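What follows is a single structure, written as structure tokens, with notes after it.
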Amino acid sequence: MKIERLQAFSDGMYAILITILVLEFVVPEYQVGHLLDGMLNQWPIFFAYILSYVYVGTLWLFHHDFFLSLKQIDRKLNIINMVSLFTVTLINYPTLLVAATLKRGNINDLRVAFMTYAFVAMLISLTYFWLYSYAASHSELAVKGDMNKELYSRIKYDPWRSVAVYGLAIGLMWLSAWLGAAMVVAGIIWHFIAYMRLGRNLHELHAPEHKK
Amino acid sequence: MKIERLQAFSDGMYAILITILVLEFVVPEYQVGHLLDGMLNQWPIFFAYILSYVYVGTLWLFHHDFFLSLKQIDRKLNIINMVSLFTVTLINYPTLLVAATLKRGNINDLRVAFMTYAFVAMLISLTYFWLYSYAASHSELAVKGDMNKELYSRIKYDPWRSVAVYGLAIGLMWLSAWLGAAMVVAGIIWHFIAYMRLGRNLHELHAPEHKK
Amino acid sequence: MKIERLQAFSDGMYAILITILVLEFVVPEYQVGHLLDGMLNQWPIFFAYILSYVYVGTLWLFHHDFFLSLKQIDRKLNIINMVSLFTVTLINYPTLLVAATLKRGNINDLRVAFMTYAFVAMLISLTYFWLYSYAASHSELAVKGDMNKELYSRIKYDPWRSVAVYGLAIGLMWLSAWLGAAMVVAGIIWHFIAYMRLGRNLHELHAPEHKK
Amino acid sequence: MKIERLQAFSDGMYAILITILVLEFVVPEYQVGHLLDGMLNQWPIFFAYILSYVYVGTLWLFHHDFFLSLKQIDRKLNIINMVSLFTVTLINYPTLLVAATLKRGNINDLRVAFMTYAFVAMLISLTYFWLYSYAASHSELAVKGDMNKELYSRIKYDPWRSVAVYGLAIGLMWLSAWLGAAMVVAGIIWHFIAYMRLGRNLHELHAPEHKK
């Protein structure tokens, strides 16, 4: 099965997800003549938006690079990808929760919101582990024979490190909601670092085609 | 006529449909300090979202595989596809009805909501029967000559089985709304099984190109 | 300039437009236990949705066939297409107006709503005339040399017939809002007939490539 | 790395952004029988919509032409593009602010709204400067060897002119909010002129492939 439609469908879903988040940026309630005050009160929405944009953007970059290393797909990979996209769509919900609870400031609600964010992020990472494992054991799908086997065997546990980071964040939240929240933000940054790592690995393996 | 734009347009519509369903996941009404209680009350939205994600996702997989077996389209197939997409867009509405009525719990409203869901699902299945019939009688569109004739003649009544399942669900709802609702859920699962069946058939016929 | 990105961008916009119309189908206000009554009161939304789905769907089919006859684009055609897409996005607004005024039933408001619909439809048709005229005078963009010159010289006034139909509809509305509204619906049907006509013409000219 | 998915993802995001702006066009509040009055009061939404449609549309045309001059991308360009898309998504917010403040008419709020618009436009222009600079120093990505080096060295400061225009607009707003607002509108028009300029330059360099 050709890979193009899976990519087009996934690109569509990622593009929609990353863009509809901005629909939360509505005109704030404000007293006439004091729009700026109303806007400044919207910083929680802005924070949540940037966080999720970086996260979903990084996920797309992973997705892009992953399927770049494959020359075809099979029915099962198509289904795994659909499950992965499902978990990514869920991120919209905790993004809204984070924005709302940061605004209201109650520490218990904030904890619940960031835990939900971390939980969804764990699910997403697990589906990426599934994708990498599948690629590691199906060399016939790879652009370059056994290269993927080597590559994805080396990096397939990267998603588990993300899972550990988010799990730790959930644990920390019982000590301090703010510390846990900071850990979630650190997890998003970790994703970006992991992306760079995947980048270097792909680069070594595919150097001839993808000159940097 | 080339097949690529029909696929791109359809992918766009499926991607939007499956993603906008998540827009229903908004921050629940909650008392400050009790966000979790508010979230738990949202289970009907979550249930309806998963149900429709699985359903629309499976429909896309069918759509993907179907057009994989064609090498070109004609004007009439383009129109049939547009009708099929119309029925798929409708699923957004009963999804919302199911979520709303599960939340309020009135049995009469629940029956109406699931009946509407089943009715839209019947329409969708009928358009797939139309697509398969058209492919069965137009071998010139197939990737491999007469193969599609054989394939789609064999499976073109699969959609009617779905229609029967949903029709039975509507009938059962007069006995018991919950039993009928369970039948609708079973129908979605049936779709997924039918997808696997199509998968095997395509696999046998197209084995050389699409090694699994 | 290659034609692929213009098509991808246009497909994206058409797919979004035709799909977001369904977002109007929300759960109606209803008394618990009487959901069906609430749903039946939503017929104006359903009517407006079907009307605009048929209209936008037909426009996409035209767009698809038009760019099928071109092998490349230039900067100016890219801009004309952007203007055309602008007018198509506007249809969302009168669709909502038609649904709202059909529900409330005031004849003056209904007249305004359908006039707005007809006016936007006139604008859309004018941009298609612009597209066809441009293609008629730029044979270097055509898949087959002078064929487009002949084809689009023959059909480039089709959009003006649509303009006349919608203009007549606006005029009729001063006599009777319902008669004018019926004329708008007839105009949408006229579009579909015109699509079939374009279809036959393209078929004659491009017969070797696009066997039907 | 191939350029196709970056384009598909970007096309998706631009298409969604330019289309969801129309979601603001809802049925106005109106007294039954006076729909037209309600619609006429919506002119600020219409003005803001046209402004942003022209702006985002022009940005897409730039994006289209820019990537037309590249034959491949690398990881860093993919990330720069993601940052650029982020700034473009932000335009949705000041568009809503401009519409809301034009409606209410308070001069202080209007100033804030247009300043926000100008500020986001500055950010967008800066990311285009980044894209052009990157292309100027990475000839290996160009369709035609050293041509891009020459081209983008010549035009890479165009975005800074836009930045200057928007900066001037922000300054002028302290003198007169209306004058500043007019300057923002002039900035959008400047973009379109700059697009034409890029067009001519690309035309000279790539004349053989892209006959106009």
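Per-chain numbering from 1; labels A, B, C and D assigned in written order.
In this text, contacts are C-beta pairs under 8 Å (C-beta built on N, C-alpha and C of every residue); 3 or more make two chains touch, one makes a residue touch a chain.
Predicted, not measured: the structure shown is a model, and the values here were computed from it.
Looking at which positions face the partner, chain B and chain C present mostly different ones, since fewer than half of the interface numbers are shared. Centroid distances from chain B, each centroid being the mean of CA atoms, peak for D. Rotating chain A by 90 degrees superposes its CA atoms on those of chain D, with the angle stated to the nearest 5.
Between the CA-based centres of chain B and chain C the separation comes to 27 Å, rounded to the whole angstrom. Spacing of chain A relative to chain C, judged by their CA centroids, is 38 angstrom.
For chain C, residues touching at least two other chains, in rising order: 8, 12, 16, 20, 23. Residues 7-8, 11-12, 14-16, 18-20, 22-23, 25-27, 30, 32-36, 39, 53, 57, 60-61, 64-65, 68, 199, 210-212 of chain A touch chain D in their complex.
Contacts from chain C toward chain D in the complex involve residues 1-2, 5-6, 8-9, 12-13, 16-17, 20, 23, 72, 74-75, 78-79, 82, 86, 89-90, 92-93, 96-97, 100-101, 104, 106, 108-109, 112-113, 116, 140.
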